[in-house]
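You will see two complexes here that share chain A, one where it goes with chain B and one where it goes with chain C.
This part shows the complex of A and B:
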């Protein structure tokens, strides 16, 4: 039984039916799924959630499907780790890592949004799905669409190294390499999405797709013992994840699943692509698009679709924003690896680097609960660190040379 | 007649200039403004442009030459 009422424009509030629509035909504002919270409140309890399998569908009443889920059945419910070594390194009292670098099946938080997008696409009767991506999204759409038996088109810029798309190609999608710069790829894909009747996950399925990110926030609260933390640091690319984590926590509060909500949310970006952080620091209302130049490719979105909503989230919660250089990103990746044994991709380096900076600045107090969002796996972006982590010590196969070469 | 939904971002020095009007007149493009927001340092306008495909493309290039950022309303979709 569905708890989704329909879609609603985030700008003018006009309502729309549950269809593959993504933009308000009046003001061109983005559409968002709205729910019947009264009915959800009567059904969804902590006990019911806890009785369900450990995946993102344990919160299914708060996800925008009409029927049962059909994709991503094992995605989500990733570990929330108490990071005791990192606490010592940063001099803080209570720090957690929400670790989506181990999200199933393709090791990033995109498995959450794609699980919801493809389930919804199937519900709408689409037999073809598509996305434009240089990394995590491509991997997830290719893999999950393969499982679902959907035809899958993945668009990439032609100059992207093939090595980077192995994680998508292995699932045998139709991989289209578009010649042209990033802007031209963007423009072409939005045109293709209007011409072909496909489920383009982050275009015409976007209002549904984006809702999957809420589960990241739900899980944090549930795993903390049905409590919201005081501080969450979130990486920002298009700005959707940060707004949806906040939406998720507000829903939990409204449904009585958590008692208090005093969480401050912080936006993290790389200095080489920081349109959201810049707007927050300058107290601007408008996001100025930028040309990305950073090793954090998964966050390199110069014109963030949900930038203004990310900004609003930070303001509403009383959080802040910060950016880190490429060197700081690498240092943070290494710090997380040597303290907690987690190898994150560059986006995780951005989040932890920003968390460290905000703690040092005194923006985040050292004695309150902090959650650092780790959203992807370092094995996918090894080129970012390969020259900066030393080399193996080569020895001849005898004890003498071993003892001579290796300090013990 | 083709239609395009676009998001324009104006730098401060262009806020007071009739850039959209000039483009519309020059290339016979019909602008239909849906939303706008102007602050001290930057302006943004969300609008629909109608015209022939060629003229829409010429109009876009003209705006970009003036230093207006012309973006799809859905933002960057290559994630």
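This part shows the complex of A and C:
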């Protein structure tokens, strides 16, 4: 049933077989799955997709497996919410939240990529999986590998939020906390991957793993009634999600599943770690790495692997980029909570904060459709807000003390 | 002046499947030239036509990215550890 022809270098075009490879041997460019779109076009219709269960595998012809999916069978197809209260607060006409803070099973968009990565790792016959992670990926690999009966090594920066550490440990992985930032964890994992032949989901399984992010874009288009929005704001860490959302929308257009594609895509980062945003604002060709310093730890990648492609996506679509301070992140988290009842993590605060800024700047017009990408859950990053929200009013269990203490 | 160099998987065919090798040089440029002497073909894979380190390769000296140091002029001393790593890896 496979619609994947092989892998191909994004830079020099050299072709490779479907194996656990991730970089071109010659120019070190990233490898990408190549599909047989002619055959997919004959098979994949709106009706077929709509007839399938509500999870990310409804688009399986556009995902890089050879056989049937075996992991993440209930992941994806998260709500796309018309955010009427937030529209009023921001003074815009049509705004949606694509809410992966409730993705199954570990409450972030990483469940999408891990579903694909682990299904592929099993196809390859690996019995051990691993990842370098700022938390969300750790949670998803730990959970889904447990279900799949795979041995799992998870590497995280030692200073991670408690919610993300607990959210990994509960699935009983081998959790390694590295004294250093994510970029150091990632470099170490690249070194480990040259010695131990494990399925590192974001290293040697990366060409397959990354394709899972396309489903976030597919779902936005399907849930809008088979059309693409005018504006999408996407949080950037490594720069893969923004690149793949755009790829997914272009595929839908090429397959005739949407008629028009005039979407502008915007990159969102925290000011304390904004190498991609800086490059866009300065119209630079290369990404200058930085040392991250922000509460948005899930976006704290100073050396983004797909940075140049994130840059290209923003340029190609005519979008833009912006960054927000830690205070603005917290304010945006609170704004989303009190308007739409969604408690997002710091990355979501970055995305909404940036959306607000771009609307205020006039970069995003107030009368066009806007989608804000919410990719993770606030219960995992409580440290970021705990000192900046109210406190419970403690009272004795009687009416008098209640009326005395609580202003009604 | 021996420096330990970690070789990424795609280049290990050129180093007889060794994941790390020893090389000499007082800076990164010299180190790459020395690697080329012992493992012919390695330099053109690490560097582009102009002799600069390729865009999709990151080099680290004792765990620090050379882009935070002096790029390929970063100096080396006996016992240093150098890692050559494909830039395309990772993602939260």
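Following the convention adopted for this analysis, the second predicted complex is superposed on the first by the 393 of 408 C-alpha atoms of A that agree within 3 Å, B and C clash if a C-alpha of one lies under 4 Å from a C-alpha of the other, contacts with A are read in each partner's own complex, and residues count from 1 in each chain.
Note that a residue touches a chain if its C-beta (ideal position, glycine included) is under 8 Å from a C-beta of that chain, and two chains touch if they have at least 3 such contacts.
In this text the structure is predicted, and so the values were computed from the model without any measurement.
Bringing the complexes onto one copy of chain A puts chain B in a clash with chain C.
In the superposition on chain A, no contact is made by A:382 with either chain B or chain C.
Within the superposed three-chain model, A:157 lies in touch with chain B and out of touch with chain C [touch as defined at top]. Of the two partner chains placed by superposition, A:293 touches none, neither chain B nor chain C. Of the two partner chains placed by the overlay, only chain C lies in contact with A:195; chain B stays clear of it. In the superposed model, A:184 makes contact with chain C only, not with chain B. Of the two partner chains, chain B is the only one that A:284 touches; chain C does not reach it.
Residue contacts after overlaying the shared chain place A:203 against chain B and chain C alike. When the two structures are aligned on the shared chain, A:45 is found in touch with neither chain B nor chain C.
In the superposition on chain A, chain A positions 11, 22-23, 26-30, 110, 132-137, 182, 186-187, 189-190, 193, 200, 202-203, 206, 237-238, 286, 288-289, 298, 301, 303, 305-306 are in contact with chain B in one complex as well as with chain C in the other.
Interface residues of chain A, counted against chain C in their complex, comprise 11, 22-30, 110, 132-137, 180, 182-184, 186-187, 189-191, 193-195, 200, 202-204, 206, 209-210, 237-238, 240, 286, 288-289, 291, 298-299, 301, 303, 305-306, 308.
Note for the complex: chain C touches chain A at residues 6-13, 19, 45, 54-58, 60, 63, 65, 67-68, 83, 85-92.
Residues of chain A touching chain B in their complex: 11, 22-23, 26-30, 110, 131-137, 155-157, 182, 185-187, 189-190, 193, 200, 202-203, 206, 237-238, 284-286, 288-289, 298, 301-307.
Residues of chain B that touch chain A in their complex: 5, 9, 34-35, 37, 39, 41-44, 46-48, 69, 71-79.
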